[in-house]
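First the structure, in the form of structure tokens, and then the observations on it.
In this document, chain identifiers A, B, C and D correspond to the written order of the chains, with residue numbering beginning at 1 in each.
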Amino acid sequence: MKTGENNKNLSLKDRLFTIVFENDTHAGRSFDIALLWLILLSILVVCLESLPNLNQDYRTILSGAEWVITLLFTIEYIIRIWVVRNKLRYLKSFFGVTDLLAILPTYLSIFIAGSQFALIFRVFRLLRIFRILKLGRYVGESYSLINALKASRYKIIVFLQAVLVVVVIVGTMMYLIEGETSGFDSIPASIYWAIVTLTTVGFGDITPVTPLGRIVASMLMLLGYGIIAVPTGIVSAELAKNRNIKASTRTCPNCRLVIQDEGDNYCKNCGLQLEKKENNKV
Amino acid sequence: MKTGENNKNLSLKDRLFTIVFENDTHAGRSFDIALLWLILLSILVVCLESLPNLNQDYRTILSGAEWVITLLFTIEYIIRIWVVRNKLRYLKSFFGVTDLLAILPTYLSIFIAGSQFALIFRVFRLLRIFRILKLGRYVGESYSLINALKASRYKIIVFLQAVLVVVVIVGTMMYLIEGETSGFDSIPASIYWAIVTLTTVGFGDITPVTPLGRIVASMLMLLGYGIIAVPTGIVSAELAKNRNIKASTRTCPNCRLVIQDEGDNYCKNCGLQLEKKENNKV
Amino acid sequence: MKTGENNKNLSLKDRLFTIVFENDTHAGRSFDIALLWLILLSILVVCLESLPNLNQDYRTILSGAEWVITLLFTIEYIIRIWVVRNKLRYLKSFFGVTDLLAILPTYLSIFIAGSQFALIFRVFRLLRIFRILKLGRYVGESYSLINALKASRYKIIVFLQAVLVVVVIVGTMMYLIEGETSGFDSIPASIYWAIVTLTTVGFGDITPVTPLGRIVASMLMLLGYGIIAVPTGIVSAELAKNRNIKASTRTCPNCRLVIQDEGDNYCKNCGLQLEKKENNKV
Amino acid sequence: MKTGENNKNLSLKDRLFTIVFENDTHAGRSFDIALLWLILLSILVVCLESLPNLNQDYRTILSGAEWVITLLFTIEYIIRIWVVRNKLRYLKSFFGVTDLLAILPTYLSIFIAGSQFALIFRVFRLLRIFRILKLGRYVGESYSLINALKASRYKIIVFLQAVLVVVVIVGTMMYLIEGETSGFDSIPASIYWAIVTLTTVGFGDITPVTPLGRIVASMLMLLGYGIIAVPTGIVSAELAKNRNIKASTRTCPNCRLVIQDEGDNYCKNCGLQLEKKENNKV
């Protein structure tokens, strides 16, 4: 039996699975790209709905667009549940929960006013973009980024602890030095100011006016300017030793585990016999 | 036949080509440097013209200067079209379009008031500076910079996607937390604030005032302060493995392709037989 | 004699020492974690007490919480003095002084109003967190961070000197250029502005308005944007050559020196014979 | 003849030369440290004199202090001219000019009011600190920093050109988009804003208010946040391959050239026979 014939003999359910869950066929990729644009459109609609001086006519159009998008997402959600073999695993997975969160707020907005802003969580669906990019070079790149960040996490936690100790101490000092007249009206507000300053954001809503306050602020700024080197150095050092990881585009149709070795015949997780695929033209 | 004699036998057209398109002769370099100063002067004129409280006398002088510069650029543009063999290729090239954009707005300003500000696109002509620097060490350096950025592009796109997902979610959260009183009057405005904050710019035109808003803002700032490490790390890691690339100063007089190997006798692109050059003293 | 029996034969004092000063037993770790939460709680209490519009009822509750925490810290302090063999060394050590500073302000607040804000120095006790993390991978990571910073210190001092020379000169220039109308009302204020600008914090409380002032400010900003590369490069280069250092979890019960080699039988510092420990499961 | 005896036979002029120009003797180091403190004190005096609400009594004291410091600096300047063999070379050197600039403004202030603020150029004298640090590890470190910056200069110039092209184009765009109402009242002001934004300083004195202006600003901020990676990456990559350079503490008494090889017997520059020195205890 040739691998080509294999694909032709697939049932509707199997073909839908290939389209909505995988993207190494032409149809699968087209579906993912269409979905991505729909997600971006839905985010744009929610953003526009929040504008304060919006014309009532536009508001009606946006509301209509939202219901259309929600219905499309609902159909997609139902198909996903239907075609996946291990339904519970999908429902509890990150993408399963995200897919539900993307449609629920619109239905809830019938009962609770304002809940449609929760639709912005549709942005999480954008993470599906990484699936579309799977065929290309993006996955290997994002794996090496994530690995560098993972390898750096203990160093970064240690660094953040040091930063927190500094902002609490400097925040309290500034509260005692500056007092309420210049906006340092409580220790939490002063700690907030210290974070704004140390991270070199510098809003300017709270600023020191006393000479001593300015000296302490100057030292905090120089510290913040200097120690930005630390997380940067950590990540640079990790990335300098990164290795590009080859990413697979296959997932097990039963448990949705990513099949890492293209030559695997059985799913490592659930033992399902896997269909052989043609080589991807990367 | 010696290479020196070759150069003497060039026609006016060929000699002009060497002056305006290449820069490994003394005349070519002088022309490029004069052109650079003229471009800088023209940008200065446009900037000064925009000053609101400008005296009418100065305005007349600036307007005159603009017309003189435009005429000089027009003459240069005509010479370029005349001397290049493959005229269409030049007209459609980046520098061809830029050269046209540099003169068009002045002529248009006779018919449409205000269009002379489009002259600022003359700044793109500044990119010719890289041609002037070709003889020196700049080209190799900029090639290694561009290569490092090119090699990093997939990582940087992945990073920017993550940043966009973060600012959309945090922006919506802040819109719901802070509300209109503190300037977060729509989701787009809040996303704009989130970008201002994450990138550590911190204008301060919109700032959180509620305790919860300040906590979310603090976390966003620490995130922005920490993840600046990611693009930096990516580029550092790439630059650490850079190799200096030797840059050629020859271009094919027919198709304007850069001749990469000094020893080449025929253009790789159009097959034109190339003149032999003396060794550049780099 | 087996090492297991050794632990059973310990006196109450020895067992308390293991709990409060070490953390490679279950009890020791639990104690440290409980202590950490208590420290965090006490900082939260001090922060809340500083809020300006606080209800009198809440103020009473917070005051009560502070006294309870202070009593617990006092008991812990007394136990620490009791169980440690070389008491004077502990009292004069960083953690000894911190432990005293954590309880003193509450008692002093009976006599001197406002002194309870000094309680914020309890935040230094948070540094004990590094002890809790000793068992895991954190210590090695923080050692490699600290080593990288230590190795960079001369370079960073040279860099800071250059920064200070720049801000003093630019500050004076801006004082002379801008004058009092735009907030540059003295050289110290202008130097403060130069630090705010060079470090890219940019509060906006003092901003240049004259053309020349803005040109100087632009150059200072570009300088600040460019030379942030210097500390970052220094630390990156150091971290790139870091070695993970294995951290020990044992301290000498007599002089509290950290025992670096797990196989040591005698304290390198005071010669005390050390108990053999079971291998930690890291 | 032993090297020890050599030192004893030096004339007053030679001994003064060793004290004021070199610092590998005890007297030389003490002189340099005293000088450093005097420079810092003189800067402090100038800073304090600029305070707007200063009491007349304090002003008299500060004025007196300034004259005392100027007299001390004048004596030092005269000694330096007397003891150096090649006087013209010293007078024209960076430190020679600085030493003159440090005393001239006080004398000029008798004739021209306000000229004493030029005294702030005394801060350049602080660069003598690097001489004091010569004995230690600082020189090697600062050489490796300076070398890394030198090696990066072509890359950094290319980068700055790209930055300038970006800020000119974005500045003009913002001028056309935002107009005068939101502070973008001329192209130079808009370019200034673009630099403030790209460098992530973000004063907030000029901020976009139109939707399109905010979109362009967001892209500029993300660009600025992303490309800070470039100078950082350049310097990191250079510093990663740095070699520590051993610094010499000897200068030729005739031409003041630094003697790089401790074993040299004659000055490479002027051929003067050099005294042998004892080994420095580094």
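We adopt the following convention: a residue touches a chain if its C-beta (ideal position, glycine included) is under 8 Å from a C-beta of that chain, and two chains touch if they have at least 3 such contacts.
Please read these numbers as outputs of a predicted model, since none were measured by experiment.
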item: Chain B on chain D, rotation in degrees - Cα superposition, rounded to nearest 5; value: 90
item: Same vs different contact residues, chain A with chain C, by half of numbers used; value: different
item: Computed distance of Cα centres, chain C from chain A, in Å; value: 33
item: Centroid spacing, where centroids are CA-atom means, of chain A and chain D in whole angstrom; value: 46
item: Residues within chain D bordering two or more other chains; value: 188, 200-204, 224, 228, 232-234, 236-237, 240
item: Touching residues (chain side chain D, partner chain C) in the complex; value: 43, 46-48, 50-52, 117, 120-121, 123-124, 126-127, 129-130, 133, 136-138, 141-142, 144-145, 148-149, 156, 160, 163, 188-189, 192, 195-196, 198-205, 224, 228, 231-240, 242
item: Sites on chain A touched by chain D in the complex; value: 200-204, 232, 236
item: Chain A residues touching chain C - in the complex, by the definition given at the top; value: 154-155, 157-159, 161, 164-165, 168-169, 172, 175-176, 180, 185-188, 191, 197, 200-204, 207, 211, 214, 217-218, 221-222, 224-226, 228-230, 232-234, 236-237, 240
